[in-house]
Amino acid sequence: MSTRPGISELGLSTGKKARLHRILRRHGLGNGTALFLPYDQGLEHGPRDFFPNPAASDPAYIVQLAIEGGFNGIALQIGLAEKFYWDYAGEVPLVLKLNGKTDIPSDDRALSPVNASVAEAVRLGADAVGYTLYAGTPAQEDDLAQYRQVREDAHRFGMPLIVWAYPRGAAIEAKGGKDSFYAVDYAARTASELGADIVKVNFPHPEKNTTVPAAYEAAFTSQQAIGAVVRSANRTLLLVSGGERAGDEAMLDKARQSMEAGATGLIFGRNVWQRERAESLRFASQLQDILAKYPS
Amino acid sequence: MSTRPGISELGLSTGKKARLHRILRRHGLGNGTALFLPYDQGLEHGPRDFFPNPAASDPAYIVQLAIEGGFNGIALQIGLAEKFYWDYAGEVPLVLKLNGKTDIPSDDRALSPVNASVAEAVRLGADAVGYTLYAGTPAQEDDLAQYRQVREDAHRFGMPLIVWAYPRGAAIEAKGGKDSFYAVDYAARTASELGADIVKVNFPHPEKNTTVPAAYEAAFTSQQAIGAVVRSANRTLLLVSGGERAGDEAMLDKARQSMEAGATGLIFGRNVWQRERAESLRFASQLQDILAKYPS
Amino acid sequence: MSTRPGISELGLSTGKKARLHRILRRHGLGNGTALFLPYDQGLEHGPRDFFPNPAASDPAYIVQLAIEGGFNGIALQIGLAEKFYWDYAGEVPLVLKLNGKTDIPSDDRALSPVNASVAEAVRLGADAVGYTLYAGTPAQEDDLAQYRQVREDAHRFGMPLIVWAYPRGAAIEAKGGKDSFYAVDYAARTASELGADIVKVNFPHPEKNTTVPAAYEAAFTSQQAIGAVVRSANRTLLLVSGGERAGDEAMLDKARQSMEAGATGLIFGRNVWQRERAESLRFASQLQDILAKYPS
Amino acid sequence: MSTRPGISELGLSTGKKARLHRILRRHGLGNGTALFLPYDQGLEHGPRDFFPNPAASDPAYIVQLAIEGGFNGIALQIGLAEKFYWDYAGEVPLVLKLNGKTDIPSDDRALSPVNASVAEAVRLGADAVGYTLYAGTPAQEDDLAQYRQVREDAHRFGMPLIVWAYPRGAAIEAKGGKDSFYAVDYAARTASELGADIVKVNFPHPEKNTTVPAAYEAAFTSQQAIGAVVRSANRTLLLVSGGERAGDEAMLDKARQSMEAGATGLIFGRNVWQRERAESLRFASQLQDILAKYPS
Amino acid sequence: MSTRPGISELGLSTGKKARLHRILRRHGLGNGTALFLPYDQGLEHGPRDFFPNPAASDPAYIVQLAIEGGFNGIALQIGLAEKFYWDYAGEVPLVLKLNGKTDIPSDDRALSPVNASVAEAVRLGADAVGYTLYAGTPAQEDDLAQYRQVREDAHRFGMPLIVWAYPRGAAIEAKGGKDSFYAVDYAARTASELGADIVKVNFPHPEKNTTVPAAYEAAFTSQQAIGAVVRSANRTLLLVSGGERAGDEAMLDKARQSMEAGATGLIFGRNVWQRERAESLRFASQLQDILAKYPS
């Protein structure tokens, strides 16, 4: 399996290195791995995501959870970052999610509009910015155009750029679907080719191998698949996403395989906060036990 | 039910705080609640809205009504603000409505174009700006793009931003309609995630629960629904809209439930001025009697 | 009927007031009314409009007609203004028409592109600029966006803005048509809400009352209709357009009703110059006899 | 027939006058007429246009032909201007063609994208710029928008602007076709209204009079038609285009009628260079014999 | 056959000349020919291109291959250039590929979005930039618009511009396909007309002569075809692309015919690195043997 690349091998500017160091070495386990708490589902899916645990509707509750749970960062949209992060500024790294949208209109021509700038992330004291790139969307021209501006600004400000590399749109649905090995592998490579510092992917499903290009029709284990995805990302650090809430054992297994393959960490939201508070902390702690085995 | 957030908890800049203080403490009841008079229907629906009370066609009549009725602000488009507010400048806070459109073409891909800038609001001495965001519209990319510019300018000028968060467009029609609990709840959250200081919503209808996501299919009372909407807005102050003229008792009841749920105030137009002048003032006064019970 | 608003009541800047004074008090009858000669039909309809009177194809002929006929202004596109106005600069006020298009492609999604800037109007010594706003067009987002730029520039340069408020496009055709009372009334109000200093409308037809909103289905006289339109325009001065050539008596009657209703003046092109020169001057003089009865 | 307007009557700026003087008085016959050699067919139609005379594929061959043939100017796209004009700079006026496209995709919504700026024309020592305006195209909004920028830049730099006024697109096909009298007449007027200094048109075909507006259904001779087109262009100098190669006598006759009608000159490409070199020069000389009869 | 143009005949600026000199004289064979290694397939086709030789997934492996194989340059997207070129900066010229896209959505309206600027190429010490122009695409308006910006920036920074001139899109499919002689010839000419310094084309297939314009229906040998393409490119240096991996003899033959016709060099990716390392170097060396026979 691949070895996780070290920060010094990535060709990073001073500012990016400083901020990544803060995230990876001064927060969470401090061992070069990372566990992030994403909290933009209120925009992406609406308040329905909070019905399983109504307390999670309150951003203050979530920020406190991130701090208490020893997360390496919390991802927020601009509105919540402005209204809630000032209270806890510096206690947990802020990842300002720069784009986002509701899930109400059709996703066939998926595009996530930019809602805030890298300069605003700087103003809020963020340590990274996040951008959702819908790999393979029919709207890729617009997606890449707005991504480019974000990447250039992130370079200019020395701000690490985390790309949510999500296969999406009608063309992806016709070619294996959004979590096929083919789609996830291509998405990871796209992020790397286009200059992401960190890439967030869904765990690949090699068994979704119909209607995909021939190379992906063979029988791969999920360990082989996640290994290939990490190699496709090469010097882009890789985070595996939790996605919809599922059984804890399945999630922990996914986490183990990812770290074994050379991932840098995990970014789990609903699987963490769609349960009562003590349970959330317990599950986060189980994830950290896995991360602890992969220091660098 | 939720408690209304205080101005100091919102993470506001000095300029926004100063102007909100002016609106909430130096005008109207001065008790932290607000009653606004919107007057952009001549653009949004055309002069037909003035046929029930022809005097209301004259903007001077409306501005005088707002002053005499002790409203906390009046919302105007740029043209009327320039032609009529100079006469009464400072007597009632001006909310410059920045976008708007006619209702003549189809609303399937609803988008309300920006007609004036935050800088013009500053030039006219406004104390807030208004922006209509059509949550869930297929045109959300364009909507969010122009909203973002308004939000950034409002930040730059310290100008409070009131978002008319209106679910609208073909996708909303297919998912419960524009005043379903689902749609209103999502719209309120969207405004909060994206940085509104104040959000204006329609009163939610929990009984419109077919074709909505599963979480909203359950039986909720309207009091539960408006309570949830206020929580989804979290640190974004919430105003409830009057909408089309309806029976006074129904409107007052809506007002009571909203304030009980933690809303900051009301924004009623046609229900106020689509009747003879003395009646308008009497009805406004009834609304203020309710607001008086919810000081903060 | 309405009283025509005076220049001092309009909330105008110094520059706009100075130029409007020049148009309304130093040219034409000088009594606060206005008669304009529009000459952009060569672009809007093509040279076919000149076949009834071939001499009218020559812009020099038309400018001379405007001077001799004592018009308050002549409206030209940038090309003709540059090639012909230099010869007669200052002898008759120039209204630089900023947008325009051919009538060759379909009008379903009507939009009139901007061909010149307000700054160019300043450079050419114009006293006003003209903009065609297609009220109700499916392209209203683009229309309002380019209009906004024109309005802001007109404000910046103190240049009066005349809006050709024309209901147009597929949605208008489906709702009463472009000269129904409903459509003209809405167009006048739209111009006022959005900051026009002067609005040019077609004479309203209250008898076109099918497929219009209920409020407009009642029986109105044309005098009532034009009166309502003037009120909808409120502090925006109103000009009535001649449109296609029609019988002289009908045109003069339209002019009388408009002035009686509180209009500021008339803007007649084809009805003036689609006839032999002496006849043109005679007809213009008849229009001025009407204007003379409505000084302010 | 019309008299050709003199340079001093056109309201031109000093820079435009100086450059037009250079083209019309210091090159070619120097008698106020002009013969241009257009050479952008390699882009507009592809190398197939060079198959009848392979030598014409070489831009150096063409520039030498223009010099030796005593042309008043040569029209090139930016790439060829940069690679070949430096060798012959100043020996023949350069007309930098600013927009252009391949003919591979459908022409239904014809638009010719801008490939170079007026500033680049200045940098290359050009004496004029060329712009193809597709009169009547469904894409006229985009066409007029990019044209406007070119016109403003041409004004700013004192650079004469030659408009290739070509009726084109699905709407034109439905209304008489691209070389009907109706279409050519409207195109010439459009260029004049929108500020062209020189307009290049196809020779009008009055016999294509079905599906055109009523005014053009009458029987006109081609001499009457070209006369009307020259009048529609008024103070915009008119060039007649050669178009596809045709019989020499027909071309010479077209040239004679055009000059008789008041045209300023001719712009012939394929009819010149789609034959062997000596033949090209002989034909150019025949055209110049005609121009020599129309000094001004 | 044509003679390859020398650098001094191209009308180049000092900066472009200096960088081209570095590529053509200081690297590779140093005899005026060039062999480039393109490595943007990870973005254009996805990681599936690396399955035949998994080591090729690692950009470091490829950069080392380019250095060891004595290539004249390596083409990378911005992400890989930033992450990997710093390690080997200056050892092999960098061609920063400025645009690119995934092949997931439909190619009917092919457009390759710009992902990096010429300024970034300067910052990374690149000696050339690459741009994919999809000749004949229905999206040519957008393609030419973004190309124009790249060309102007390349001029401003003295950066050689290599155009990947690829016929593509629905209209090309309907007219002979993307590697017909017609399509390749037109693409080469388009690049030249629009200012490319170097053009990369596919080897033309004269036997694909159905549905092409009449001129291309005749029987041409492939040597005649590539000769014509070189002439169509005139003073734009021409590189022949390898395309999908094919038999070595066929590839070498293609290389020989291209150089014989006056091409400047070759740009072969998958044919080089989709095989084991020693084999890659051996094949590159065979290509260089051919280049060695065409010094200039």
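Going by the order they are written in, the chains are A, B, C, D and E; count residues from 1 in each one.
Note that in this section contacts are C-beta pairs under 8 Å (C-beta built on N, C-alpha and C of every residue); 3 or more make two chains touch, one makes a residue touch a chain.
Small disclaimer: the values here were computed from a predicted structure and weren't measured.
Q: Trace the shortest chain of touching neighbours from chain B to chain E and give its length in steps.
A: 2
Q: For copies chain D and chain E, work out whether under half or over half of the interface numbers are shared, and give different or same accordingly.
A: Different; most numbers are used by only one of chain D and chain E.
Q: On Cα atoms, by how many degrees is chain A rotated relative to chain B, nearest 5?
A: Here the rotation carrying chain A onto chain B measures out at 70 degrees.
Q: For chain B and chain D, let me know how many angstrom lie between their CA-based centres, rounded off.
A: Roughly 57 Å separates the two chain centres.
Q: What whole-Å value do you get for the distance between chain B and chain C if each is reduced to the mean of its CA atoms?
A: 35
Q: Pull out every residue in chain B that's touching 2 or more other chains.
A: Expected reply: no residues.
Q: So with touch defined the way it is at the top, what topology do the chains form here? Options are line, ring, star, complete, other.
A: It is a ring, because the chains touch in a row that closes back on itself.
Q: Could you give the sequence of chains met when travelling the ring from chain D by way of chain E?
A: D, E, A, B, C
Q: How about chain E: which of its residues touch chain A in the complex?
A: 40, 42-43, 46-48, 51, 54, 57-59, 77-80, 82-87, 100-102, 104-106, 111, 113-117, 120, 142
Q: Could you pull out which chain D residues touch chain C in their complex?
A: Residues of chain D touching chain C: 10-11, 135-138, 140-141, 144-145, 147-148, 151-152, 167, 169, 171-172, 175, 182, 185-186, 189-196, 213-216, 228, 231-232, 234-236.
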